[in-house]
Structures are given as C-alpha cells and as structure tokens.
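What follows is a set of structures for review.
The following pair of complexes shares a single chain, subunit A, combined with subunit B in the former and subunit C in the latter.
Right after this comes the complex of A and B.
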C-alpha cells in the first residue's frame, strides 16, 4: 500500500528552555539561534509507522511538507530514515497559514500525488499544538479519520488501529483510504543510517508552488486563515514557592507532612 | 443570524459526562456575557435524562439526537449529527470539551462547518467591545500562551482543556426547551468498525479522579521506585501514582499514568512531583492542582517556579519519611 506522511519542521523542543523565543508583535514562535529545527516529533512517529508498514507489506512512502526552503531539511531527514520521496509545498502566498489554509494546501497536494491507501500524520505539532490539520485534510478529501493511535497495521485494504483512550484503547478497522494520526506511544523512530543519508543526499526534492498545485489564492496562507492570533506571550509564574526546611531529607519529609496538615491539605 | 453559545454536552452512559458539566459552566458564563442563550447538544443512545440534566446545569435549549447508531462514539456519525445541530441552531460560539472523543471530534467538526477553531483552550472570555470570543491556549507545550480570535466565520469554535473550567452546579428547578433531532446516519455507511474496547488494567483510584497524586519523572531512573517508594506513600493517603512523559517513554510505567499535555490532565488537592524537572509539557497536565509540592535534588529545577511548596532533597529519603509522619499524624 502506498502511504503519504505529512511533515512539519519545528523548532527543536529539546532545546534548553532559556533559548525559547517568540516574536510578540509578529505572533511567531522563533527558532532558537544556533539550534537546527527538527521534524516534529510526532511526525517522526508517523514516519516510523509508515516505514514499518512498508517493510511488512510493500508499497511506497512519500513525505510531503508545506514550509519555507529550509523545510527541505526535514524532508531529507525523512528520506534518510527510509522514506522514498519528499515533496516540498512552497509559495510566498502560503505564508502565515493557519490550520485551515495549511490543510487546504496539503489536501490539494495529496490529490495531486494521487496514489495512496493511507495518510499518516503526527497527532499534533510541538510548536502550535493544534492537532487540527490531519482532521482537516480528511474532511477536505472526504476520507475517514482516526486520531491519536498507538498502533497501526494493515489487513489487505483495511487499516486496523488502536486509538488511545483515557482508560485503555479501542481497536478500530478503517475500510478504504483514510487519515490516521500517530501518537508517541506507537514506536521509537529509527535514526537515519549512513547509507540512508547518502541515498537521500542524491535525491531531488520537487517543489510544488501555488500554480503547480492549482490552488485557490483565497484559501491559502493568511488569506485563507480562519483564525487570527491576537496576542502571543510567555506566561510568568509568581514563583513564591515555600521551601520546607530541615537538616536532613528525612526531616524535610516529616516537616512536609506537618506543614500540609497545618494547611489542612491532608 | 447566529445567536447563542452551543456546547457539545457529552454523555457517559445515560448521564452527562463530567466534562459536559464543565462545558455547561463555561458556556453559561459566555452566554451571559453575550446576553444570549446557552444551547446544549446531547448525542447518544438512551440519553433523554442527560438532556434534563443539561437544563439543570444551565442550558436554555437542548438538542437531543438519540439513536442506536450513536451508542458508540464514531467520528463520522457524531460529526454528521453535531454538524446538523449546529446548522439548525446557528450558534455564535461552539465549545467542545477535550475528552478522548471531543479531542477527535472538534477539529473535524470545525472543517465540516468551514469555521475557525482554537484548540485546547484554558481561558475563554467575550471581549466587551467586539463581542468576539477570545480563546487563550498554551502553545509550544506551554512555553507560551496565544490568544486566538475567529473573525470571518461562525460559529467561533473552541476545544477546551479538561479540568480548567469550573463545573456548573445543578439546579433542578431550571426550565428549558428540549428539541428532538432526526438522525439520518446509517450504521452500514460508517467507514469505521469498532472491533473492541480494551480497558487498561488498573486497581484502586483512577489517576484523574484521585485527590492525591504522587508522580515520578526521569530522575527515578527506572520503574522500581514508582512501586517501591511512590506507590506505598500514595496508597497510604488514598491517592495514586502518576508519571512524566519521560518515564512513560522509557517504558518504566504504563502510558495511562502519564500526566501532561498528551496524557492525563489532573487537578488533585495535592500533587507531589518527585524528580520531575517541570517541563511545560508536564505542567500542562498538573498545573491546575490545588497544591503542588516539588521534590528535587536540583535547586534550580524549573518546577519550583510552579510549585507551592518545595523540598530540595532526594525523594528516596523524603517520601518514606513523609509517609511515616503522615501515618503518625493521621493515626
């Protein structure tokens, strides 16, 4: 089965907290200086799931990403992991997209790719944490969607998934092409091999722009956005933490019990 | 002409789910700010009592879609029915609580209605001047907050993080209107089959219901101390244990114990975080606890910025001593 994986390149969430920066007037989350952006972690889980399905059942895995030129980096990395092809969706008019206009461009690209039995996405992106785009792609393409799964397997044309629930999971069979979002519980993404990096290095990444995709200009980028960020800020916490004293950790533990009793918390 | 605030009043069995009461609470507040009605959508099978319950919890008008095909949540069926109700009710604002199902439903419903959605909101207000919904949500795992407005389309949609809004208190004397909805979903046409539901093995108090939670993080360095140190202490106080995502990703404890952005949202009376640095991702799940106690050997751990009470010390020594003293105090 041919599988399409959607990717987003994001600022490295493992970067030290003190490097986190935003542009409060431009309403943007900035990449920390000198730290390379990475593939969104949940998208790596989606890539890994796609590669495992390919290894078990054959087919081709194509990764598609909407982003600036730098996003070829994420696509190259996906190809180094084993993804067969990468496609970059890039146009000046795609800038400042929200979930609605991003899903629209990705859906048009997926239509253009044409051949797929399954679209895998990360459950959310670690920069804006919206988890909207995959469901949007599914709705725009008229496909079933299942979100936040911990397992995905193929049984012929049926996709069997385990959707995570608060108190367990449910096993669902999805009949026909569909969109599935993968959670971090699903797998541990592989590292690219040296051979993979060499192979990926030689491959070209086609760039599809607005004209190539034949998109409606009113539905892309900021023009097609249905939401607007009116304020972006870093929250401040008062930090008036009361420290429990004691000569030894044992004494502090006992003093904690006394203090919580005094506050009527226990 | 759009009017009113609509909520997805999710059910659990025949009754309103806890998250639905939270949506009634915030929905009522926003409806009052607009001076408009609160509309609830109750969807399921055998859920007539939940409609009355929604009225008691503040709804003025309740749309009820009651059919066999709606017995189990499915994205396709619920999205179709809620889309139909929203088109009939024409609300200004539409809120969906972030339960397992609401989390899945919200985005799909927004695209069905071709409207904007603010995901995972923790604060919702109506701007007195513009009368627009101002939806505030953590981004980048909670490192920053964004306020989102939806200006071009209606309804203005938001999904709402569990346990961030006070639940409405019932008043059985309240009156409201109940409207039955025709359900035209055909079970045979649904693209997904539910094969089975598997409950995770759990004993004792559920993490999300516990009054006292003692959590461990990467600093526990393995599964042993969760069960040898944290759990006996938690159990002795009638509570349970939790974990950071790092501990779950390492495979030390089952995923159901994960507290955080993509795990459980908890708001116990007492949350004790042992050897947890306090990443925004984790604090997203426990930041609404009444009292947060941090136990860490690193005096500079970010968690002390969020904790009410701190101990700089080794949890291996602190927790057993704490447990012993509690036993003595509580007899």
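Right after this comes the complex of A and C.
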C-alpha cells in the first residue's frame, strides 16, 4: 500500500527559551536566528509509522510539505529516514495560510499524487497545536479520518488503529483510503543512517506551485484563511521573592508555614 | 568564498547531535566513567547500525566511502557529548593504520569487522617516554623468530586496550641513527599469550587508557603490516589523521562549553541582573568565542587538508593542534570561572570538559610540540 505523509517544519522546540520570538504586529512566530527549523515531532512519528508499514507490507512512502524553500530540509530528513519521495508545495500565494487553507493545498496535492491507500499525519504541530489540518484534508477529500492513534497496522486493505481515549484506547478498522493522525505513543522515530543521509542528498525534490496544483487562488494562503488571529503575545510571569524572618531556623520554618497558610497555598 | 558544510553534512550533524543528546547524556557519561569497560556495547552497536563506524572506510571494506570532513562533523558532536567509546581507537587509530598500511587481505579481514562493530581494535604506540615521534618507540622491540617475530616491552597510554580484540603494535625492529627507520607494525590479538593489560588511573575517566606489557609475545609473519622496518611513514600519516580528528573532537567540546557558559550567563541573576550583562563575564565569554571560532577554522582547514592529502597537511594539522590545545583548555577553564562556585562541583559537567581538554591537550603532542613542528614546516 502506498502511503502519503504530511510534514510541517516548526521552530526547534529544543532551542533555548530565550531565543523564542514573535512578531506581535504581524502575528507570527519567528524562527530563532541561527537555529534551523525541524520536522514537527508528531510528524516524525507519522513517518516512522509509515516506514514500519512499508517494511511489513511493501509499497511506497511519499512525504509532502507546504512551506518555503527551507521546508526541503524537512523533506530531505524524511527521505534520509527512508521515505521514498518528497514533494514541496511552494508558491507566494500560499503564505500566511491557516489550517483551512493549508489543508486545501495539501488535499489538492494528495489528489495530484493520486496513488495512496493511507494518509498519515502528525497528531498536531508543535508551533500552533491546532490539530486541524488532517481533519481538513479528510473533509476535502471525502475520506474517513481517525485522530491521535497509538498503533496503526494493515490487514489487507483494512487499516486497524488504536485510537487514544482519556481512559484507554479503542480499536477501529477502516476500509479504503483514510486519514490517520499519529501520536507520540505510537513509536520512537528512527535516526537517519549515514547511507540514508547520502541517498537523500542525491534525490531531487519536485516543487509544485499554485499553477501546477490548479488551486483556486481564493482558497490558498491568507486569502483562503478562515481564522483571524486577533492578538499574539508572550504572557509575562513576574516573580517576587519574600524573605521570611525569624531568630532561629525553627522559627523561620514556622513563620514560613504561617505565611503559606495566609496565602492559602497550604 | 563558501566554507560551509554541505546539506548532507548538516543532516549528518543534526542526526549525530540528536542521537547523542538522547543516548549520551551526562548521566550516561558518568556511568561509563565508573564502568571498567568504559563504553556501552549496546550503544556501540547502535552507532555501527547508523553507519558511523565505517564512515571513512571504502565501500569494498564494508564502509560508507565518505571523506574526512564528513567524519569531522560526527567527531565534533562526539566531543561535545564527551562520548565514552572506543570509536577513536578502533576506527581511527587502528582502522587508519590498517587502511593505510595493511595488505589487501588484512584490510578485508579487519576493516569490515571494525565497521560493523564486531571487532574493536586499537593502536599501541606510546611508551613511558610519552613521545609521539619515531624516537619514542624504543622500549617495545620485535625480533625475528622461527615463524614470525617475538615482541617484548611496555606500551603506555594505550587507549581502550582492555576492551580491544586486536592491537596494532608499533615495535622497534632495528636500532638505527635515523629513528624513523626500524619501526614495524604488527597486528596482535589481545589474548595472545604473554600480553598483560592494566587499566590506568587517569584524569579523564571518560576515555580509558592502559598499560600493555608484552613478554615474549609471538606473532606470525602474516601479522606484519607492510614491510619490516618501514612502519613509521604509515604511522606518521595515521598520527596526522588522528591529530586532525582529535582537533575536531576538541572544537566540539569547546563549543559545547561556550554554549553552556553563555546560557548560564544569561540565566544566572545576581544583583538583579543576569551575570552575562557584567563586563567581567561578557568579556570572558567573548574571548572564549574568539578562541573557539579560531580553533574551528584551524581544525576545519586541517580536516580539509587531510581529506585532500595535500602537501601542506602536516602544517595544517600542527597549526590546528597547537591552537586547539590552548583554546580548549582555556575555554574549559574560563567556563568554570563563568559558572562560579557551581562550576567547581562534581555534579556540574564543566570539570568533565576540563579534564577532557587536558587529556586532549597532550595527546599527539601539546601546543609547544606542534609549534615546533610548525616552525620546522616553515624551515626554521
């Protein structure tokens, strides 16, 4: 079964917290300077799930990502892990997309790829954490979708998944092509081998623009966005230090307990 | 001018960084310091599966056929993580000796096993004199015997000999006025009768070193690398390669010290301000940055020169080692100062970097030794 995996590049969550920057007026999260963006962590789980299915049952894994030129890095990394092909969706008109217009472009690209039995996505992206794009893709393609799975397996043409619930999980069988979002419980993504890295380095990544995808200009990027961000800011947390007085450590301890009770902390 | 790394090398660096961040944590390093073996066989096999151990060997010997600059990328990350493993001794010291001097049969026997991690090798070269030149190989002698050679003497500071399956032993086979003549290299199994290996108590416990005593150890003629008495040219080239490799490790460690120190200077608040805002700390960090960046330039140039095997490679390597020896020790020392009291504690990692810096400073010759070599290279 051929599998399509969607990828997003996000600011490196391991970057030092003091490098986190936003553009309040432009309402954007800025990538930290000198720190390359990385594949969204949950998308790596989706890649790993796809590669395990491929190893078990054959087929081809294609990764598709909408983004700027830097997104080729994510696609190359996916190919270094073992993904067969990568496709970059890039056009000036795709800029400032929200979940709806992103899902639209990805859905058109998946239609263009044509051959697939399963679409795997990460559960959510670590920059905005909205979890909306996969469901949007499923809606636009008219496919069933299951979110947040901890296990995905193929049984013939049926996809069997374990969907995470608050108090356990449920097992679902899905017939025919479907969209499944993979959670971090599903697997531990593999590290690219040297051979994988060198093979990926030699592969070309086709770039599909708006014309190639034949998309409706009114539905892509900011023009097609259904959400409007009204404010973006970094909340401030002010600390205050109060010294507890006392003649002896025991007295200081007692005074600390009294103060904590006064503040209704204990 | 573009001195940047290729896209593949950037990916390799990221993969190595991520892998070592996960598996070579401070807790792991400390565990390995206490462990007599000093490395984890499981991690060793994982590194082999990723292709790291065979990176620089040709494909016909089970390697990946990549260059020394690619290896530099991984070594920097290993140095940054203080990786305790026999990588340096097996892949570089012994692996390169076999690759450069070994017969086709020896290469086919040993290199694929080093590359897949099933065999650990090392180089037994240094002796109690601690010299890294031909004249330092005096104590261990090999004399012709009925069906090969008999080796006797003591080697010191042999990396990972206690876990090695096989050692490349540099022995004096002829006493001559020209010390570079009369040295021969032998492949000797560690469990050969007459060999005793004693683990040394050294300052940098992330890297184990041993004393190896040879007491009438018999090896067959087929274990000779190259021809009798002509081992030094091979060994000399191996030392160039390994010195450049050590510089790569050193700049990785120095960069990590700088990163840790700058992060601490931003985070640690005294008198209501981060300590990085005080000129005393600011200038320390700036000087560390100057030294690290300059060391990197020198180390990368050495890596390129070794990779291309250009005539100026020995000069580039000695310039790099002279600079990196000073820069890593300086950076690690200043890193402790930036951290203040906590930098001096056992719990903080800074002392591990300082000890590694001191180990690396003297390995393959210190800054003074390499400045002398630089002077010789410019005909002084």
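Everything below uses one rule, namely that the second predicted complex is superposed on the first by the 238 of 266 C-alpha atoms of A that agree within 3 Å, B and C clash if a C-alpha of one lies under 4 Å from a C-alpha of the other, contacts with A are read in each partner's own complex, and residues count from 1 in each chain.
In the analysis below, a contact is a pair of C-beta atoms (placed from the backbone, for glycine too) under 8 Å apart; a residue touches a chain by one contact, two chains touch by 3 or more.
In this text the structure is predicted, and so the values were computed from the model without any measurement.
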Partner chain in contact with A:52 - subunit B first, subunit C second, else both or neither: neither
Touching partner for A:139 - first (subunit B), second (subunit C), both, neither: first
First, second, both or neither for A:76, with subunit B first and subunit C second: second
Most subunit A residues touched (candidates subunit B, subunit C): B
Touching partner for A:219 - first (subunit B), second (subunit C), both, neither: neither
First (subunit B), second (subunit C), both or neither touched by A:251: first
First (subunit B), second (subunit C), both or neither touched by A:200: second
First (subunit B), second (subunit C), both or neither touched by A:19: neither
Subunit A to subunit C touching residues, read off their complex: 14, 16, 18, 36, 38, 73, 76-77, 80, 191-195, 197-198, 200-201
Parts of subunit B lying in touch with subunit A, wherever the complex brings them together: 75-76, 99-100, 103-104, 107-108, 110-112, 114-120, 134, 136-153, 191-200, 202, 206, 208, 212, 237, 245, 248-249, 255-256, 261-262, 264, 269-270, 279-281, 290-291, 293-294, 302, 304-314, 317-326, 328-330
Complex contacts: residues of subunit A adjacent to subunit B: 11, 13, 17, 20, 22, 27, 29, 98-100, 103, 123-124, 126-132, 134-136, 138-140, 144-148, 150, 160, 162-176, 178, 183-185, 225-235, 237, 239, 241-244, 246, 248-254, 256-261, 263, 265-266
Parts of subunit C lying in touch with subunit A, wherever the complex brings them together: 6-8, 10-12, 14-15, 18-19, 21, 49-52, 55, 64, 66, 263, 266
